[in-house]
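The chains carry the letters A, B, C, D and E, assigned in the order they are written, with residues numbered from 1 in each.
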Amino acid sequence: MSLSVEIRHRAGAFTLDAAFQAPSGVTALFGRSGAGKTTVVNAVAGLIRPEAGRITLGARVLWDASARIWVPPHRRRIGYVFQQARLFPHLSVAQNLSYGSWFARRQGRAPAAKLAQVVEMLGIGPLLARRPATLSGGEAQRVAIGRALLAAPELLLLDEPLAALDDARKAEILPYLERLRDETQVPVLYVSHAVSEIARLANTVVALEQGRVVRAGPAEALLADPQVVPTLGVREAGAVLTGRVRAHHEDGLTELSLRGGPLLVPGVTGAPGDHVRVRVHAHDVIIARARPEGLSALNILPATVRQVHQGAGPGVAVQLDLGGDLLLARITRRSAEALALAPGVTCHAILKSVSVGPADLGQGAGPGEPDPAG
Amino acid sequence: MPPNWLTPEEWTAVALSLKVSFWAVVASLPLGVFTAYALARWRFPGRQILNGLVHLPLILPPVVTGYLLLLSFGRQGWAGGLLDALGLGVAFRWTGAALAAAIMAFPLMVRAIRLSFEAVDPRLEEAAATLGASRLWVFLTVTLPLVAPGVIAGAVLAFAKAMGEFGATITFVSSIPGETQTLPSAIYAFLQVPGAEGSAARLVIVSVVVALSALFASEWLAQRAARRVSGA
Amino acid sequence: EDAPVTVFAAASLKTALDRIVADWAAEPDAAPDAVPVRVSYAGSSALARQILQGAPADIFISANADWMDRVEAEGLLIPGSRADLLGNTLVLIAHDPDAAPVEITADLPLAQMLGEDRLAMALVEAVPAGIYGRAALSSLGLWDSVAARVAQADNVRAALALVSRGEAPLGITYATDAHAAGDAVQVLGAFPPDSHPPIIYPVAALRDRPEAAAFLDWLRGPQAQAIFADEGFTTP
Amino acid sequence: MPPNWLTPEEWTAVALSLKVSFWAVVASLPLGVFTAYALARWRFPGRQILNGLVHLPLILPPVVTGYLLLLSFGRQGWAGGLLDALGLGVAFRWTGAALAAAIMAFPLMVRAIRLSFEAVDPRLEEAAATLGASRLWVFLTVTLPLVAPGVIAGAVLAFAKAMGEFGATITFVSSIPGETQTLPSAIYAFLQVPGAEGSAARLVIVSVVVALSALFASEWLAQRAARRVSGA
Amino acid sequence: MSLSVEIRHRAGAFTLDAAFQAPSGVTALFGRSGAGKTTVVNAVAGLIRPEAGRITLGARVLWDASARIWVPPHRRRIGYVFQQARLFPHLSVAQNLSYGSWFARRQGRAPAAKLAQVVEMLGIGPLLARRPATLSGGEAQRVAIGRALLAAPELLLLDEPLAALDDARKAEILPYLERLRDETQVPVLYVSHAVSEIARLANTVVALEQGRVVRAGPAEALLADPQVVPTLGVREAGAVLTGRVRAHHEDGLTELSLRGGPLLVPGVTGAPGDHVRVRVHAHDVIIARARPEGLSALNILPATVRQVHQGAGPGVAVQLDLGGDLLLARITRRSAEALALAPGVTCHAILKSVSVGPADLGQGAGPGEPDPAG
């Protein structure tokens, strides 16, 4: 099922004029504060009525300004997870969870996911009898996700579901979102300005700037595109590599097999053969022409330079080809000149195992490669 | 309170006042909730006029309200004739006393409930809509439970006011023992008799005890409901 | 039918009428086909208006003729049933139990007696006792000297309360009110009957029911009239 | 409204009602704010008793309230004697009418203000304290400005109620033209006279226009104040 | 002026039992959510009254439970910046700013900082006539800082002043906090669970865990201590180096002089000679025994191993001595064994210029070296 969005809308001094397609899988809506992300999501949910445009979900027209079609929010069959959890304070966690499913069942639709499954997946079993006010931020957000899921949605909207949480809570929830992506069929529109979340979750990325779509495309290609570095912010640039778990070593490291060769990273939980995706920050990659010896860095991968993109500052973004996978490196202009990097040059990409942190290690299907099991 | 502390006629007045006040509140509550919701949430032409209308009984001397009620709902009044034809006549019946009490208490009820509607976070209602709840269901399952403390407060306040309402009631439905002679009418009658202040005082005490009990119960209920909503 | 007889009566009749109704109930022999009587006491104006709006009253006892006239003008009285039930006298009362009686004439130094204090009356343009009182003071030429010192209560019993509480040293009420108040007030003197229009409590039947007629007869009978007289009313 | 639409006596009653209602509100406002604050913020023994006491005039028939006022504040009453000795006697004076109106309107005023105190974020008050403001200054510079919309609402509601108050007033200070004959007393008097309904109606209209204007003005003021506080 | 804190307090199931000294400069109160940081700060501010203990500021006793001394909040002469700005919504920005100074002046104390200075330092000149509700989160927090400063405080309390802000806003405010530290004399108690903030700002660090002080000491030494890695979280470990700006190069890089040699980092704004502090994440440091050639990494500094600390996972923390400065490196156990790292071994620390991001580059006095101008 695919979501097609085309919106023109004005609110005060702000003008939104955006059109994009969200194929199945996770589509990330990316952009800085005030770019119009929430406005788009609210229009899809039917919480605002833009001036002109059209929104369709699969074959269903949710809204068409010129044809005067308007499906009210409660008939759109969407699940919306808000930035703040918005749990119903007067209901228990269990009642919150089954709130949407009750309406879905009245409309003759059964949730794809059973309550027990969702509770298990989100790890909220012990919370069922509690009231929302007693939950921590992370727990509340998990319940909100479960509540949206159980409404039998045909589309999930997540508007910065992690923004209100501290890093520890974020790390706690991301795996659940990955399981959500991999274990349910529901397409997801995911709003975030955190590249690390997008890199872990998204199959497709739509970048908004001041109400306009400035870039859209498959996540893997987009994130490894040196031209995108300014949009994402230099600190956040980095490619996403996908591969499978090859072996767990005794010293706690996991060996992954990528297209470009083996990669050692700090322990991953998956079984050998499981899909895995790894985000490698561009600023963590060192480039050497000759293969260096005697370094503490364990990963030294042969690569070919594909692009060198000069930004405004002292850095350059270098796109490397690792046997088909794309890697992005950010190095100083001075080094790029010293190493005479240019498209076609062969070199080595050096990557410390420990620089791949838990926030950068995702499980499940890679963005370009839908999970066969999903 | 031993039963012989009051005369049988006085007990009748007490029972009648309780009945009148109870039904005044119960019957007007749905309209009160609706009006409060409309004033809190909708912007429509005539909103200020509705608001003024609701407040009128608070502003007018009760005798005037009673007189206007008599003119409209008396047997010869436009509404009274209609109700009579339907067999629902309220003139000079306890239902009329309840109508008078309800109208006098209405502004208090609506104000209390309106404030709690204004305090409900509309984002929770949006969340309910995205989960498949139609407007009516949103109202029933989210809005209403959240305003429950305010509705309780408003209802009890209205009950207390109804227990004390006198001017409009006696002007509209007179003070017929057993039918429309409420506690305040009985108190008034005693105050017409020189030297009967003691009897009046006994009835005043009964009235105060009933109304204050309701008020205290409502504070307690509202606190409990508020705690329930805010968690814990 | 056993429906009770409903009497709409001016509030100032409560003391006497309660006694009469009690007697009526206690002596079923007095009226063989007696049914219970219930009385709704309120201001004459409120009762008259309610009757005009179709109130289920069988008998109306007004504290003045004007409101009975209004009801009669609407054709709501049972023809021939109207009668002057009672009369009353207007008295000057004082809070001071030792106050000496005075003769109420044009020479009465009422203003000096009041000094800076108030003269309690019922509303002088609206409530019968007040209207009579003002007429009496006017005809005696005393009104102008005390008009500014009059405290008007919403009914005559409230005026009485002002005097019995000592809030006002002097007041004008009916003799019946002063009588009912007992020792709480002192009657200084009665206004000459010719100083004001006659004080009359008319009664009439509003519905043609034998039970109502029976009670009306009882009201005008000796036993009831004795009670009225005992409460200070004059009887025709 | 042309001046000759009302008689001079009626204008006097209108002016007096405005004066009485105005002072009733102005004089009771500080106590109302204090009581509302105490009920909203402090937990003290007797809090529920204070709450009940504040509500009494709402619960009791106004005549009873007026009678109780007469017993306490009349010349022979305990408080009245005291005030008289101080030259502040209220019996039969317009100040007494204002006292009656203030007491009848007090519950409405306190309820409205109390709710806005409960809505003030105590964390702003903490912030003010850390910036050097003593309790009194915190109250004057932070709490009070933030409850301003509620105080306005409460004051105007009390004003509207005071404009309509009759039973307690006439029982307590009777009706002395130019001194204590308020608009509702005048209306009541007209209603006692057969055929004077038209005159009563004129005064009712004046009273309704005044009270509703105040009410509308307060809604507008409260909205403006709320907008001011919430920014924009 | 030094703050001395000693508190025993119970709230529900939580027990706080903490004692520490905060010398002048910035003292960071570090700990995860629920550790008791806000409880401590509130006790110092006088917003709660703990069960037992004593708090003194310089010679003034603010509270002494056994001596029954209790100075109410408004007489403590502190400035408190809360997590949410808590600006007065009914006052303009200018009125908010002068709120505290009015009381200070009534008490005969003049703010050390003039309004004009503070406005200039915080860059809030254009906001003065606005109302708080119209400010962005970052602007509001700056105004809150100004308001606290202008109350002429003898101690500043900052309770996670940046936690509610997104990364862009954080980056916007941190320089103001640095200027605050360097340009005013007021001691600061700074609560945070973000090591990067602490590394940039703190002279002293007090680490709280479940209501107890688990570690306290000078920031430089504490952050470079391999033993602290588990407390901070492995991703956050890293040392803070202090030095001076030596030169700005044409290609946008700035050369710093550290004790251990020159360091090239992306452009810094200070003039040559200015103090600067640099945070180097432990996971960004590569170690080599022999000096490698032909790498894109520009900084290769000779170093000596001082400690090797083995954690629970596949990584080890290595403390390196760079001519007196301490650097922390996190590498895999496998590499550490391959390189035979042990105390006393000489090696090279390799550090990419670009891996030092703007959030890690602070201005002004180093934690161990109070600014002579301050």
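Definition applied: a contact is a pair of C-beta atoms (placed from the backbone, for glycine too) under 8 Å apart; a residue touches a chain by one contact, two chains touch by 3 or more.
Treat the numbers as computed from the prediction; the structure is a model and nothing was measured.
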{"item": "Other chains in touch with both subunit A and subunit D", "value": "B, E"}
{"item": "Fewest touching-chain hops separating subunit B from subunit C", "value": "1"}
{"item": "Mutual neighbours - chains that touch subunit C and subunit E alike", "value": "D"}
{"item": "Chain separated most widely from subunit E, comparing mean CA positions", "value": "C"}
{"item": "Chain pair bearing the highest count of C-beta contacts", "value": "A-E"}
{"item": "Where subunit B and subunit D are represented by their mean Cα positions, the distance between them in whole Å", "value": "22"}
{"item": "Centre-to-centre distance between subunit E and subunit D (centres being mean Cα positions), rounded to whole Å", "value": "56"}
{"item": "Centre-to-centre distance between subunit D and subunit C (centres being mean Cα positions), rounded to whole Å", "value": "36"}
{"item": "Residues of subunit E whose C-beta touches two or more other chains", "value": "none"}
{"item": "Interface hub residues of subunit B, defined as touching at least two other chains", "value": "67, 188, 191"}
{"item": "Sites on subunit C at which at least two other chains make contact", "value": "161"}
{"item": "In contact (per the touch rule at the top): chain pairs", "value": "A-B, A-E, B-C, B-D, C-D, D-E"}
{"item": "For the subunit A and subunit B complex, residues of the former touching the latter", "value": "45-47, 72-80, 82, 84, 86, 88-90, 99-100, 103-104, 106-107, 131-134, 147-148, 151, 157"}
{"item": "Partner subunit C, residues of subunit B touching it in the complex", "value": "66-67, 70-71, 74-77, 80, 91-92, 170-171, 173-178, 180-181, 188-189, 191-195"}
{"item": "Subunit B residues within the subunit D interface of the complex", "value": "48, 51-52, 55-56, 58-64, 67, 108, 111-112, 115, 119, 157, 160-161, 163-167, 184, 187-188, 191, 200, 204, 207-208, 211-212, 215-216, 219"}
{"item": "Contact footprint of subunit B on subunit C as seen in their complex", "value": "6, 8, 11-12, 14-15, 38-42, 46-47, 49-50, 52-56, 155, 157, 160-161, 164, 177, 180-182, 184"}
{"item": "Touch list for subunit E against partner subunit A, complex", "value": "32-33, 163, 166, 168, 193, 234-235, 249, 251-253, 264, 266-267, 283-284, 286-290, 292-298, 313-315, 329-336, 338-339, 350, 352-355, 357-359"}
